[in-house]
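See structure below.
When the chains are written out, they are named A, B, C, D, E and F in that same order, and each has its own residue count from 1.
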Amino acid sequence: MSGEGVLDQILVGFEAIADDPRIVAMWVIAAALLYVGVAKRKEPLLLVPISMGILFANLPLGEFIRAGGEGEPTGILRTFQTVGLETDIFPLLIFLGVGTATDFSPMLSNPKTLLLGAGAQAGVFFALIGALILGALGWFDFGLLEAASIGIIGGADGPTTIFIATRMRELGEALPHIEVRDIVGATAVAAYSYMALVPIIQPPLIKLLTTENERRIRMEYSAQPVSRRSLILFPIITTIVVSVLVPSASPLIGMLMLGNLIKVSGVVPRLADVSENALMNATIVILGLSVGATMPGSIFLQPETLGIFVLGLFAFATATMTGVLLAKLMNLVSKTKVNPMIGAAGVSAVPMAARVVQDMGQKEDPDNYLLMHAMGPNVAGVIGTATVAGVLIAVVPSLIG
Amino acid sequence: MITTESDSKKRTADIELEIEPIVDGLQVSGIGMGMTSVVLIILALSVRGMAWIDAYMRRREAEQSAMVEPEPVRSEESTTEPAEQPRTDGAMRAAAIAVAISLAQRANSTAPTSQPADHKSSTNSSYDAWLTEGRSRQRASRGVAQTSKGWR
Amino acid sequence: MSGEGVLDQILVGFEAIADDPRIVAMWVIAAALLYVGVAKRKEPLLLVPISMGILFANLPLGEFIRAGGEGEPTGILRTFQTVGLETDIFPLLIFLGVGTATDFSPMLSNPKTLLLGAGAQAGVFFALIGALILGALGWFDFGLLEAASIGIIGGADGPTTIFIATRMRELGEALPHIEVRDIVGATAVAAYSYMALVPIIQPPLIKLLTTENERRIRMEYSAQPVSRRSLILFPIITTIVVSVLVPSASPLIGMLMLGNLIKVSGVVPRLADVSENALMNATIVILGLSVGATMPGSIFLQPETLGIFVLGLFAFATATMTGVLLAKLMNLVSKTKVNPMIGAAGVSAVPMAARVVQDMGQKEDPDNYLLMHAMGPNVAGVIGTATVAGVLIAVVPSLIG
Amino acid sequence: MITTESDSKKRTADIELEIEPIVDGLQVSGIGMGMTSVVLIILALSVRGMAWIDAYMRRREAEQSAMVEPEPVRSEESTTEPAEQPRTDGAMRAAAIAVAISLAQRANSTAPTSQPADHKSSTNSSYDAWLTEGRSRQRASRGVAQTSKGWR
Amino acid sequence: MITTESDSKKRTADIELEIEPIVDGLQVSGIGMGMTSVVLIILALSVRGMAWIDAYMRRREAEQSAMVEPEPVRSEESTTEPAEQPRTDGAMRAAAIAVAISLAQRANSTAPTSQPADHKSSTNSSYDAWLTEGRSRQRASRGVAQTSKGWR
Amino acid sequence: MSGEGVLDQILVGFEAIADDPRIVAMWVIAAALLYVGVAKRKEPLLLVPISMGILFANLPLGEFIRAGGEGEPTGILRTFQTVGLETDIFPLLIFLGVGTATDFSPMLSNPKTLLLGAGAQAGVFFALIGALILGALGWFDFGLLEAASIGIIGGADGPTTIFIATRMRELGEALPHIEVRDIVGATAVAAYSYMALVPIIQPPLIKLLTTENERRIRMEYSAQPVSRRSLILFPIITTIVVSVLVPSASPLIGMLMLGNLIKVSGVVPRLADVSENALMNATIVILGLSVGATMPGSIFLQPETLGIFVLGLFAFATATMTGVLLAKLMNLVSKTKVNPMIGAAGVSAVPMAARVVQDMGQKEDPDNYLLMHAMGPNVAGVIGTATVAGVLIAVVPSLIG
């Protein structure tokens, strides 16, 4: 090695920056997301690993995401992506943990709130069609695959968004006549960002669509207690019902319900503990890094990313509104009135959307406790979004095939 | 004019090409909203059904316990898990309030949230029992070994 | 996509059921196992994940166990089977945790009880030969590979059963001139079911073979204390002795003894904790699901499954009886008498078989504490069964090769 | 009659074909029971051997402690781990009873079985010490920082 | 003599061949020590820079709090984490002593080192909140269910 | 199978020993390491799994490390090596946990101590050149790849040693014109052994190079408090600075700093817990076994292993000395004097090297508390060694290519 070669070696990092200065821009984006997570304490569990994953993917030479070969192993984050993201394993393990942590009893004690989980799913499809229109107008390069990934942001469910976006990208890459953009990172970041912003996005829209009297509606707690039998049967029935109607949704729903069964059965506390803690937390670290690492500057810094963020916000907004409107519609046909605000909790974003409703209710009437009523549509929204994801996985391939 | 015809056709084709994915999208949306609604309706009906069964079981139990000596009522499903006992209206409401208060307080506090002691409770299963057994044995023999120091 | 195509999409789950209604029968079986685990609280740690694995493998379209390809990832449970079951990794990690949780000191303080671990292993071979006879009679399609997997049920040790059944299946699939049945799921379910039934299976057989006077025999606790040195040396010596005599048993015995060494050494509590808790519990969830997922209806609903359950019961019964008989034989040649019932604890099924002995002893004499004496053959049975497994792995290939 | 001969041969072959795996099975069984017995006998002898060594060490220690001033006896293997001290007959029996009782009680109870505080005990190792160090430093400095509020 | 020349050349080549990797090694060492020094110097300068910023912020805060009513000072960076509050010289020293003592004592003891309660503290995040919520709800409703036994 | 075949089967373990008696020698070595870990309680966390890994790799027939095929799965420890060691995943996960457990604040409160982390790195290169000289002399078969692996022992950092030794071996195996020795196990064992011996190796060398007056120097604690902002910015800045200057060091430094950020940010205690406990402990068990299993007798029992141990000790000794000398040099040019002993803490071996300094300081002056000053170079040494590792990975291939 000549002296020149040695000097090259020293400057190689600077050369990499000069070759692709977008990586420095990505450091700024990573820092901004980290700031939201650490200083603002919004969604830190995912934003800390995701932002560090972005940083790692944009370091000179990209050691974390290199392809490997010639005595060099594959970059650790690329390996994690291959074994955990592209196989669906990480999102499904998160769903297992989420199922363990989810309490369906408010929903079971008032089945009507289950129906409200459907309304907010319309946001997914408004954004999906919006993406297709922007694509048709030629503003952005969005086809049906990208539109599906963007729409699911409106489901306000991180693992499901990652699940669908990865699946759509894989699908496009497997089809020779289709070109697909890699928007896994952008959609995931959009989903988590807007989840963090739920307390800002939702209230004005809810106010717009409800009268003060509607917001003051009190809801009585059902005298109907939930038996242990029902708590245990619910995850099993849900797994079967969803899987028969929408087989493609079965992995997401199945893992969610398995986690819940492990918890409510009460006979395997060891398994509940590991599913909810060690296994889920380890997965969160590695999943977050892997998702962040899907965003090298060359992929993320595209005009389409802007479109994804605009449409993601549109998805959250329309989901909130259709949720409220479904609740109002229900009040038209039903004797027992629900507070229409709880429809907005159907966007999932558990439990923040439910808390927004609780806070708005108490602002009008300090003695109005809506939280547990809002938890009904809130967790129903998780089931609803997983069902929607199953439909996308089933129908989209047959449309683009 | 043949050329114009062909052009117009092409333009139509172009427009169709642009409209087609939107039509696809509408189709996906229709199926999606439809299936989601069907799923949630069926689940809601199932839940309602389970509630009926629960109510029926409670009624039957109440009748049975009314016939026999008035013992402390023990519903089938709550024999092993007192925490899962039926909640009354007031209980439910009180719980909601408690949660709301705990949520309101959480903004500033960072209270511990886990109940590890709870998680590790043992069951009848062989592995768990195995584990438990080993541990209680060790504890027992340790305790004994320590107290035995005096008279050894 | 035509309207018809869309309708197809909606009915696809129902069509799958119509095509193969056996999957619905498997839901019933899964529900029954779940009932045993949750309501009867028998072996819930494994029965809850196994039964959910059965359900997942029998949902329409089989998303959990599909082969993957064309933009669709491999089903998560099939991936788990490939990376954890077929590689032996999951059963071996369970053995690590079991070793951490096993206390050999009752056995070390009375080495004679170690010998009693041999008697019950005869049940393995009675069932093995029984399976071969049924195969020779043409009643069931059992060859030597299946017979080995069925016999090991009599070892009353879940991970070892899964280990052997997987190994025998792999072996058969690797040999072109051999056809092998996939009975991993059936043998595992049989093993766990009969372990749950030990308190029902064993007492009548023990009573049959012992007199009341024999059952009243009291055993004195040895004045021989076990030093920390012995506790630490035992797992090392056992690893070496077993591995030299039966090299094929070394993975099972080695991991078991590693776990035990980690615990008794007392210097690495962090490692003992993770081996016994987070790592083992996570493995239990995933192993249970993977084993359950070996049972699609088309594989499980075969006449041979009935044969497996009959022979499994025969294995447990003969193991119990040979265990007792060995203890009685030992009493003939030895001055210090053992209570012959403790021979029955040699079937492993730790610690239930030992508890059965304790309970039966106290029924005859409320002041007779046999538990810790019975723990000797009980844990010796684990070593014995692992040795037997090693012999099967070593000898069977040379016989069928 | 050639046919009959051939037939009979074939039948014999058929029967051999059916018997052969059973013979294999008997062979496996013989080796299996033999090897298992050998393994367990050797292990039992090893354990007996270790017990002899233990007894010898204890005797030698007892002699030594009888010769020197009567200090509190500390056997080599129990310096660091008081829980592992030799158990006497009575201790062993008491432990057995304790376990039996705890088992009897377990049917209805779900007592916590883990001793997390125990698991996390630190050792002298570098990583562990590293961890411990960081934590105790943080705790120390935290404690100081908090008390220092007053005089800062 | 041609042969000698060639021989000597060969020998030189041999020696070069043996020396070459050592030259490589020296080169690696030079780059290695150089780059490590550069890295650590830049990091040290960065840390010094951050300290300057910290000092500046503290000074500005002190000025501001001197201008307004004398309230309890709360530096920006320590609002949420009291444990991370600036340590004074004395505090630092006291901490060091505490650690030294704890280290000295550790040789013989096996004190628990983790603060699990600390680890599980919740934050504002949605998943964490989700978890917390579920648990506090369960606890709340459980508590209520248990107390409700009386008047049910 | 003939009776002879059966007898063969029984004797197969003894035959394996007769064929390669070195495996028995390895049992003795494993026992010795286990003794150090368990009885002497030195580095038990790694020495217990490593010594058992050595034992497992040297059992007859080598079931734990067999290549697999023909119905036999790959040995579990070989699988662990392939998926965790050769991919760098295990060492990097350890670094994540180490970062979580490392407290940089003593270093941040006195940036000068950061510089002292450089001095001790010279030990790496002294040993590297020493290995090359021994190779050139023909005493041992050491080329540049082996020399790099041996040198890094002087970094006194287990995971980094494993990382580099694995990388160098992979590199050599990928180049057809290079022959490389497998010294992963030997270097790892040397590193951990000498770390355990730090309290014996360092004091005489420190005494040799310092006067009593120097050792009595007291250091004042800086009035400069460390803000939370600085604690959080430091890992981010370090990741970027190191990665730009030495891109190849980015995986090691990045994971270390990610772990630290997860801890100091304070907003994701769940992730800090899992990184520092369940995930790290599980990795330690499996990494230790995998490293131990790189040492079958045929590989370890080579003259070169002796050379590795001699050079490893040389590396530790020169690192200690250059560390002290750098501190003395610094005292020549700076007004505020540092106690030169703290330079010796730059060898990492956290926190033992720092404790050695503390103890030696108190021996001269019982009221001199140097520990936290020594922690500065101590953790800076970790960063320094990771940087050195990056340089080796970057420069060595271009020199041997």
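A few remarks follow.
Just so we're on the same page, a contact is a pair of C-beta atoms (placed from the backbone, for glycine too) under 8 Å apart; a residue touches a chain by one contact, two chains touch by 3 or more.
Source: prediction; values computed, not measured.
Common neighbours of subunit C and subunit F, listed by label, are A, D. Fewest steps needed to get from subunit E to subunit F, stepping only to touching chains, is 1. The chain with its C-alpha centre at the largest distance from the centre of subunit B is F.
Of all the chains, the one whose CA centre sits at the greatest distance from that of subunit E is C. Between the chain pairs B-C and C-D, more C-beta pairs are in contact across C-D.
Here the CA centre of subunit A is 40 Å from the CA centre of subunit F. Between the Cα centres of subunit D and subunit F there is a gap of 31 Å. One simple way to say how far apart two chains are is to compare their mean CA positions; for subunit A and subunit B this gives 19 Å.
In subunit A, the positions touching at least two other chains are 1, 6, 9-10, 41, 44-45, 245-246, 267-268, 270, 273, 277-278, 284, 355, 372, 395, 399. Multi-chain contact residues of subunit B (touching two or more other chains): 24, 27, 31, 35, 80, 84-88, 92, 95, 99, 103, 114, 116, 118, 120-121, 123-125, 128-129, 131, 133, 137-138, 141. Considering their complex, residues 1, 5-6, 9-10, 12-14, 16-17, 27, 31, 34, 37-38, 41, 44-45, 48-49, 52, 55-56, 59-61, 63-64, 69-76, 79, 277-278, 281-282, 284-285, 289 of subunit F touch subunit C. Those residues of subunit A lying in contact with subunit B across their complex are 107-109, 111-112, 114-115, 117-118, 121-122, 124-125, 128-129, 132-133, 135-136, 143-144, 147-148, 220-231, 233-234, 237-238, 241-242, 245-246, 266-270, 272-273, 277, 355, 358, 362, 369, 371-372, 380, 383-384, 387-388, 390-392, 395-396, 399-400. Contact residues of subunit D toward subunit F in the complex are 24, 27, 31, 34-35, 80, 123-131, 133-134, 137-138, 141.
For subunit C in complex with subunit B, the touching residues are 1, 6, 9-10, 41-46, 98, 101-103, 105-106, 195-196, 276, 284, 349-352, 372. Those residues of subunit B that touch subunit A in the complex are listed here as 18-19, 21-22, 24-29, 31-33, 35-48, 50-51, 53-55, 57, 75-78, 80-81, 84-89, 92-93, 95-97, 99-100, 103, 114, 116, 118-121, 123, 125, 128.
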